[in-house]
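Naming follows writing order (A, B and C), and every chain is counted from residue 1.
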Amino acid sequence: MSHDEHHAGESSNYLNHGKGIMSWLATLDHKRIGIMYLWTTLLFFFFGGIAALLVRYELIAPGQTIMTADQYNKAFTYHGTIMVFMVIIPLIPAALGNFFLPMQVGAKDVAFPRLNLASYYVYLAGAALATSTLFLKGVDTGWTFYTPYSIRTGTNASMVVMGAFIMGFSSIFTGLNFIVTIHKLRAPGLTWSRLPLFCWALYATSIIQVLATPVIALTTFLLFLERAMGIGIFDPALGGDPVLFQHFFWFYSHPAVYIMVLPGMGVINEIIPVFSRKPMFGYTAMALAIFGIALVSFVVWGHHMFVSNQSDLANFLFSLITMFVAVPTGVKVFGWVATMYKGRIIFKTPMLYAFAFLFVFTIGGLTGIFLATLASDVHLTHTYFVVAHFHYVMVGGTIMAFLGGMHYWWPKIWGRMYNETQAKLACLVIFLGFNVTFFPQFVLGSRGMPRRYYDYLPEFTALNRMSTYGSWMIGAGLLWVAIYMIYAIYRGEKASSNPWNAMTLEWQTTSPPHHENFTTIPKVTDGPYEFKDA
Amino acid sequence: MSHDNHHSGGSHEEHKHHILPESMGIKIWLILLFFTFITVWIAQFDFGAWNFIIAMAVATFKATLVCMFFMGLKYDSKENVVIFCTSFLFVTFFMILTFADVLIRSDSIPKGEAFFKTASGPAKFKKPWNSTPEIVAHGKALFDAQCVTCHGSAGQGNGPASAGLNPKPRNFTATDGWKNGRKPSVIVGTLTKGLNSMPAFATLPAEDRWALAHYVTQFGPSIDKDSPADLTKAGVDTSKDVIGEVVSKSVPVDFVIERMSEDNR
Amino acid sequence: MGNKNHHAHHFESAAAEFEASKQGLWVFLVNEVLFFAGLFVAYAIYRILNPDLMHEAHKYLNWKLGATNTVVLICSSLTMALGVTAAQKGQQKKSANLILVTILLACVFLVIKYFEYMHKIHEGLLPGGLFSYHEPIHPKAPQFFSVYFVLTGLHGIHVIGGIVVLAWIYMRTLRGEFTDKYFTPVECTGLYWHFVDLVWIYLFPLLYLAS
């Protein structure tokens, strides 16, 4: 593989290394693949967001507002399917992770660049197959595809399920790549105990992706066969067990929740020490806690099934084990807070998102206890309480962390700064909008408003209206972020190579980085958060 | 090439590849063939549950040989050994916890026709609108299970859950406040439809509601009786032995799913 | 591509690249284990809940063909292992021949499987709703054949995938792309092929000899 001629001096970077559309579409550069993932996932985030706004707008008042009950079922199914499979699973690992994991370990690329590119196209193919159903009959099963309804529905469930099947492979390829990259391509001196926590988080995520995703691949494949030829493994009419589907589904989909949130935690792990100018409090405990969460995540899936006529023993075991999630999660939250304690906190946008993350994620985590407790879950599981909890964890956890990470790394990706004032204000709008949207849903849920329903009792109107107004705030905030961030790419102030004075390796090279990341492979002599000015 | 397994773990140092000697490969192959024969041969005998255990033990032994020698895991880095073995740990989690549900779950919720049978239940009492000591005893059992949390075990409306209720639960020992009278047919009506903070108990079979009504009237200072006109008004056909009412808790899920999917086709 | 002794730019040395590739394949095999795990769980559940089911249903599978296929796969594993050994020693010609034998054995496996399948389809011993055997066997027999067809079918797809990859490796060996310094694709394909054998080692007693 011969190297292209190098552009003169500083200006040579991965963005101007190779021109034309093919230099992007056929690139093996992890940074460019990361960027392609970024734009694609953000595009789907936009579609999923539109679906969410439509669902919320329908619920602004009882009765029919803008769509029929059938259309409503499809709208929330698309919201869930797009957001889960096409957005938050690949968002941080495949976009930010692809870009920064090799840089943080001091490598020139991921271990298998071709596999990396393949994972992008596999993802695109799966996403295209799943979303193409929008132009056919759509799908109305909800993102969980529970049997037996998903076997019987006349909508295009098969295509969406196969789309999820295909996207699973993309996730597996990314995970495989990251595991080998972290094992084999660390720069000299970068021992495990000097690995940045973002890498630790992605490492744990990758392990989950490799261990759990094949199970959803099999499950969706069996569901497809069930629909195509009636193999009778899940179909009760043929003597199958529909609850078995739930076991198979959640064996993947519960760990998948951690595929979504662990990389978010990883981003927060990077931001908090840098903007507190202090080493990470309890680095080893923080790294172990990530693995604790990943491990426990595999043995708690049954807490999604407390009302599925699961056996009492299983209910008891899953409720008990679920409580253990609180231990490593608590370690993480306390670790972050302890890192900030007596630090010199710099209130830049990434740090504001880290605060938002901590606030929102803690509420999400604490309300999880109500749902892990068998007795209260039976009452809450089919209500908006679960919707609120899930969004506090997923949006509050993953999306806040993603936005924080995007603001943190934008100068590195493009070599340009965004407008700090606008960024802070937009962060405030999103944070407020988020709480206005989802906090009322806790109240609605605890008062018994069922989730997934098209209509509701008149006494729930005020809170639903508030929630819908909040969704507009989030939409406006995100749109604002999109505008000034894209503006920054073209017109932003030039960024220095290390605007935040961070110690991790991605900041030790130029902004935007060189085609091969580093002109010489760095030697690591210190931990990732040993700040000189601390 | 040496057999010395010197391994680098995660480091980048030069690594000597282990090469499986041909003679070793053929030996392993012969052992594998031999144990395939053993598996088939032993399956002819009936050892009960042991057949399965033996078959799995032999298969695992064969698999281990393939892993260690053909796949070279014996000479590979520890990292790869750990990676591959991890998969079996998680398969074990998967199996054990799924079994914890599926193998001991009892289908406690009856479905379809069976569902309707249990919901209505076979008639235990003939003409339940007539108070008898047996039906009152049945009413007490039901009352202790369903009603005491609000109404209290003495029927004074002071059960533990009454604190949060407004209006307060009915005090059965007093005569005041009974807007519709204290006749059993009226109490059955309240049980069926609910009243203020009192929820409807329409899920109970009709004869159970009558049993409760008969028991509840016993708390009071006087026992009011239904006249034949009252019974007719309550929809009771006194010429029959049972109350011809279909009680349905809910619609079976299968039925709803069938209907919904038909709508979608 | 075509870089005989070179290694990709992001690796320090050819040895580092080899180690990384091999580890990648191990991680892939972990994913494969979990992929098959779901079906083994389903199998175990139906077996434990219906102890008589397997006993009844396995009689309709031909254990002689199953045993023959086991022997065929074990032999193919041997030829594969010897092929890898030859490649590691730089004996290109020998390696190519052994890989070719492996491909042929894989084809024999598929042919035998084809006749088994045809027989089942002819008899109506089919999965779930398609089950149409002329006499009643066991109420859950359709489930047994679902598990049988999906498990062996997915295994068969892996065999077909293996043949494709082996054919590619065979072509590359003939072109002389591998040396005693660079044989990563041969060794990795070998690992995959042994895994396919590994799955069958369990499938054979579980499906054909269940009593």
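Everything that follows uses one rule, which is that a residue touches a chain if its C-beta (ideal position, glycine included) is under 8 Å from a C-beta of that chain, and two chains touch if they have at least 3 such contacts.
Treat the numbers as computed from the prediction; the structure is a model and nothing was measured.
A.B. asks: Taking all protein C-alpha atoms shown, work out their mean, then name the chain whose own C-alpha mean is nearest to it.
C.D. replies: A
A.B. asks: Return the chain whose centre of C-alpha atoms lies at maximal distance from the corresponding centre of subunit B.
C.D. replies: Centroid comparison gives C as the farthest chain from subunit B.
A.B. asks: Once you count every C-beta pair in contact for both, which comes out on top, B-C or A-B?
C.D. replies: If we tally the C-beta pairs in contact for B-C and A-B, the bigger total goes to B-C.
A.B. asks: Distance between subunit A and subunit C based on Cα centroids, please, to the nearest Å.
C.D. replies: 35
A.B. asks: Between subunit B and subunit C, what's the gap in Å when you average each chain's C-alpha atoms?
C.D. replies: 39
A.B. asks: Between subunit A and subunit B, what is the gap in Å from one C-alpha centre to the other?
C.D. replies: 33
A.B. asks: I need the residues of subunit C touching at least two other chains; which ones are they?
C.D. replies: Touching at least two other chains: 16, 19, 23, 27, 30, 34, 37-38, 41, 45.
A.B. asks: Where does subunit B touch two or more other chains at once, residue-wise?
C.D. replies: 12, 79, 83, 86-87, 90, 94, 98, 102
A.B. asks: Where in subunit A do residues touch two or more of the other chains?
C.D. replies: 179, 183-184, 211, 215, 241, 244, 251
A.B. asks: Which residues, counting only subunit A, touch subunit B once they are in their complex?
C.D. replies: So the residues of subunit A touching subunit B come out as 70, 137, 140, 148-149, 152-155, 179, 183-184, 186, 207, 211, 215, 236-237, 241, 243-244, 247, 251, 298-299, 301-302, 305, 309-311, 313-314, 317-318.
A.B. asks: Applying the document's contact rule, which stretches of subunit B touch subunit A when the two form their complex?
C.D. replies: 10, 12, 79, 83, 86-87, 90, 93-94, 97-98, 100-102, 104-109, 254, 257-258, 260-261, 264-265
A.B. asks: Touching subunit B in the complex: which residues of subunit C?
C.D. replies: Touch list, subunit C to subunit B: 12-13, 15-16, 18-19, 22-23, 26-27, 29-30, 33-34, 37-38, 40-41, 44-45, 48-49, 63, 67, 70-71, 74-75, 77-78, 80-82, 84-85, 88-89, 190-191, 194-195, 197-198, 201-202, 204-206, 209-211.
A.B. asks: Taking the complex as given, what residues does subunit C use to touch subunit A?
C.D. replies: 3, 6, 8-11, 16, 19-21, 23-24, 27-28, 30-32, 34-39, 41-42, 45, 127-130, 139-140, 142-143, 146-147, 149-150
A.B. asks: Under the stated contact criterion, what part of subunit B meets subunit C in this complex?
C.D. replies: Going through subunit B, the ones touching subunit C are 1, 8, 12-15, 17, 19-22, 25-26, 28-29, 32-33, 36, 39-40, 43, 46, 51-52, 55-56, 58-59, 62-63, 66-67, 69-71, 76-77, 79-80, 83-84, 86-88, 90-91, 94-95, 98-99, 102-103.
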